[in-house]
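In the two assemblies presented below, chain A is common to both, partnered first by chain B and then by chain C.
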Partner chain A sequence: MTATDFQVVIFDSVSSALLAEKILKKLDIPFKIIPVPRHISSDCGVCIRFSARERERIEGSLAGRVGIQTILPL
Partner chain B sequence: MREIIYFDNAATSWPKPQETLDAMDHFNRHVGANPGRSGHSLSIDAGRVLMDTREALAELFGIDEMLRIIFTKNATEALNIVTLGLLGPGDHVITSGMEHNSVMRPLRSLEDRRLELDVVRCSASGEIDPRDVEQAIKPHTRAIILTHASNVTGTIMPLSTVGAMARERGIVFCVDASQTAGAIPIDVNEMFIDLLVFTGHKSLYGPQGTGGLYMGPGLEKQIKPLIMGGTGSRSEFEHQPEFLPDKFESGTPNAMGIAGLGAGVRFVLDTGVENIHSREMELSARLLGGLLEIPGVTVYGGGDAQRRTPVVSFVVSGMSPSETALLLDEDFGIMSRPGLHCSPSAHHTIGTFPEGTVRFSIGYFTTPWEIDYALNAVEQLASRQEEGALA
Partner chain C sequence: MKKEIDARGLACPQPVILTRKALQDNDEIVVVVDNVTARENVKRMAQSQGCEVVIEGDGKDIRIHMTRGSSCQAPQPATSPEGPLVIAIGSDRMGSGEDKLGSLLMRSFIHTVVEASQRPDTMIFFNTGVRLTVAGSEVIEDLRELSGSGVNILVCGTCLGYFEIKDQLAAGTVSNMYDIAEAMLSAGRLVQL
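Showing the complex of A and B:
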């Protein structure tokens, strides 16, 4: 794994993605909201892209608080 | 231009804070997109506007999970989601004799379809005795639906006591906070509220066309949506999503209105509900005290301003409420509301059915001068009436 490896959190809705945004901003974890890549899902929503090395912190802060479908390497 | 005294805040608050107007203008000029429908940055910004409003509402009502807040077009729609979506044949429901038609009409329609309904009687001043609620509880009672405060008399209901009773027995407790949200402190956990219905355009200072519903944990599995359709989520499936808020928020929302609502709720949070409440109580005491002193005027509801919202129902003897309201408007520029206030049940309770009353409902922006002016106007009408009767 290198520092440039990215992963994405796929949520059950845009509301969940934006709630995750609120939580992550408060924790100062770097991330970016991007449209869900077509090769991952046919959903028309957005997901959160983050650096793979943040995975543990991201998972830890969102689990149980936000509706997550899956977390995948980009 | 003639002076306008707006005393109809219980129907909708006016004027709105500048922040509300600015937020809606900003949304229309600079955001404008459909929230949650695309991945582009303006759509995400629109989604953030909705989320910020949910966050402000969650803070105001002590709600732990902000996605449990569902936006509707008004409190009536939220109450219809609760009544028509939760209740069915064979269920028993308890409500009070002070409810608005937004509660009574859907319940009466369900009664035609074998819903068992108990309307707990209230005193002539509009007060409910929690012991009467307790006595009405049956083994198959599904829900208790109670207004937080009457829109006719302003009488405040004992939510925590009734809520504790419901929680103990596993009965769903639904509160209609149309008259109180933003004006009186509400905490869904402390008051054991499972379903909180609010309107956006009264004491939350949002625009008309906004309202909502807080749904407690697990209830989304028991309640059917009234409206189904596009949610921007799970678009590959042809079945309605089961999660909140999407299950109950189909179709493009009133994003501009919700932007205004968010600013209104921030105005309430920044001002402080306690500060708003004490200012309104001060104004209300001045109005209530003044009306009680005018000969020929009968005031309904309790005489203690501390135990009611700033809503006062009265009648000028010998004059119909509609005639009084018309003269107040034409001769004095005072906007009041005569009649039954969409609450025939409440008017039966206080003994003013079918004529109704004149309702003055003041708000945070009302001034003491406006109250004195209105008191003087009512006094003039009452003495005119008396002179007429003597002549």
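Showing the complex of A and C:
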């Protein structure tokens, strides 16, 4: 897989990231917790990386429930 | 004329994202921000891209000038001392105090080790750290990748036995205190978590 296949969800806080993790795990959607890439920010914590094809499911399951700042291609 | 980006009033990480985009198409830009955190983030990102950075102004009107120069290279990683780089992981969490946070940090750390330009020669797992190396662990793919690329992964056999998970080992090799102590004592650099 190439890097362009991935996107990241940037959260408004670490607790939002933890909450999102709980939700996605329950739904069995594959993802990975990674540090927010340095080129995006040098001190904004962790984010969730996922395969671009999961974007709709991810957005659908997190929207309105978790504080999301933005979703970006990696 | 320099391209100017007004990033005032934008939340982190937006100023950095806008700057990075602008640097892709321009060799010389000015970014205006209204807080010190944004200033530092933009500055670090630009420097990591090999840009020369000049800052003027303060308070709510900070102007960051960036020039991409061939003479300005990205900082080189520090040279490593003689001997292998060893990472010793004695817990399935990074730091102590808050377990959920510690687990999150550990996953984030191991991911970063996989992505790092300098991978360790040896990684040692002991005490609850061995839980990271068994089936079902959140970092098992990362550890397999490290192992596959030549990182020697030693897993404390006593610890696997204590937790009764020896049969679930999914990355690395079962090791003993002789090998573990020797790897630590002969390390050029020992990073202990």
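Throughout what follows, the second predicted complex is superposed on the first by the 69 of 74 C-alpha atoms of A that agree within 3 Å, B and C clash if a C-alpha of one lies under 4 Å from a C-alpha of the other, contacts with A are read in each partner's own complex, and residues count from 1 in each chain.
Assume a residue touches a chain if its C-beta (ideal position, glycine included) is under 8 Å from a C-beta of that chain, and two chains touch if they have at least 3 such contacts.
Fair warning: this is a prediction, and the values are worked out from it, not measured in the lab.
J.: Clash or fit: chain B and chain C on chain A?
T.: clash
J.: Counting only touches as set out at the top, which of chain B and chain C does A:V46 meet: first, second, both, neither?
T.: After superposing on A, A:V46 lies in contact with both chain B and chain C.
J.: Please indicate which partner A:G67 is in contact with in the superposed arrangement: first for chain B, second for chain C, both, or neither.
T.: In the superposed model, A:G67 contacts chain B only, not chain C.
J.: Would you sort A:I23 into first (chain B), second (chain C), both or neither based on which partner it touches?
T.: neither
J.: By the touch definition at the top of the document, which applies to A:V14: first (chain B), second (chain C), both, or neither?
T.: Both partners.
J.: Quick check on the superposed pair: does A:V36 touch chain B, chain C, both, or neither? Answer first, second, both or neither.
T.: both
J.: Tell me which region of chain B runs into chain C after superposition, given the options 1-9, 37-45, 73-81 or 199-207.
T.: 37-45
J.: By the touch definition above, which chain A residues appear in both interfaces, chain B in one complex and chain C in the other?
T.: Residues 14, 18, 21, 33-36, 42-44, 46, which sit in both footprints.
J.: Can you name the residues of chain C that touch chain A in the complex?
T.: My answer: residues 11-14, 16-17, 20, 37, 40-41, 44-45, 48, 100-101, 104-105, 107-108, 111-112, 138.
J.: So in the complex, the part of chain A that touches chain C is made up of which residues?
T.: The touching residues are 10, 14, 17-18, 21, 32-36, 38-44, 46, 69-70, 72.
J.: Spell out the part of chain A that touches chain B in their complex, as residue ranges.
T.: 12-16, 18-19, 21-22, 33-36, 42-46, 65, 67
J.: Which residues of chain B touch chain A in the complex?
T.: It comes out as residues 35-40, 44, 47-48, 50-51, 55, 65-67, 231-236, 241, 243, 245-246.
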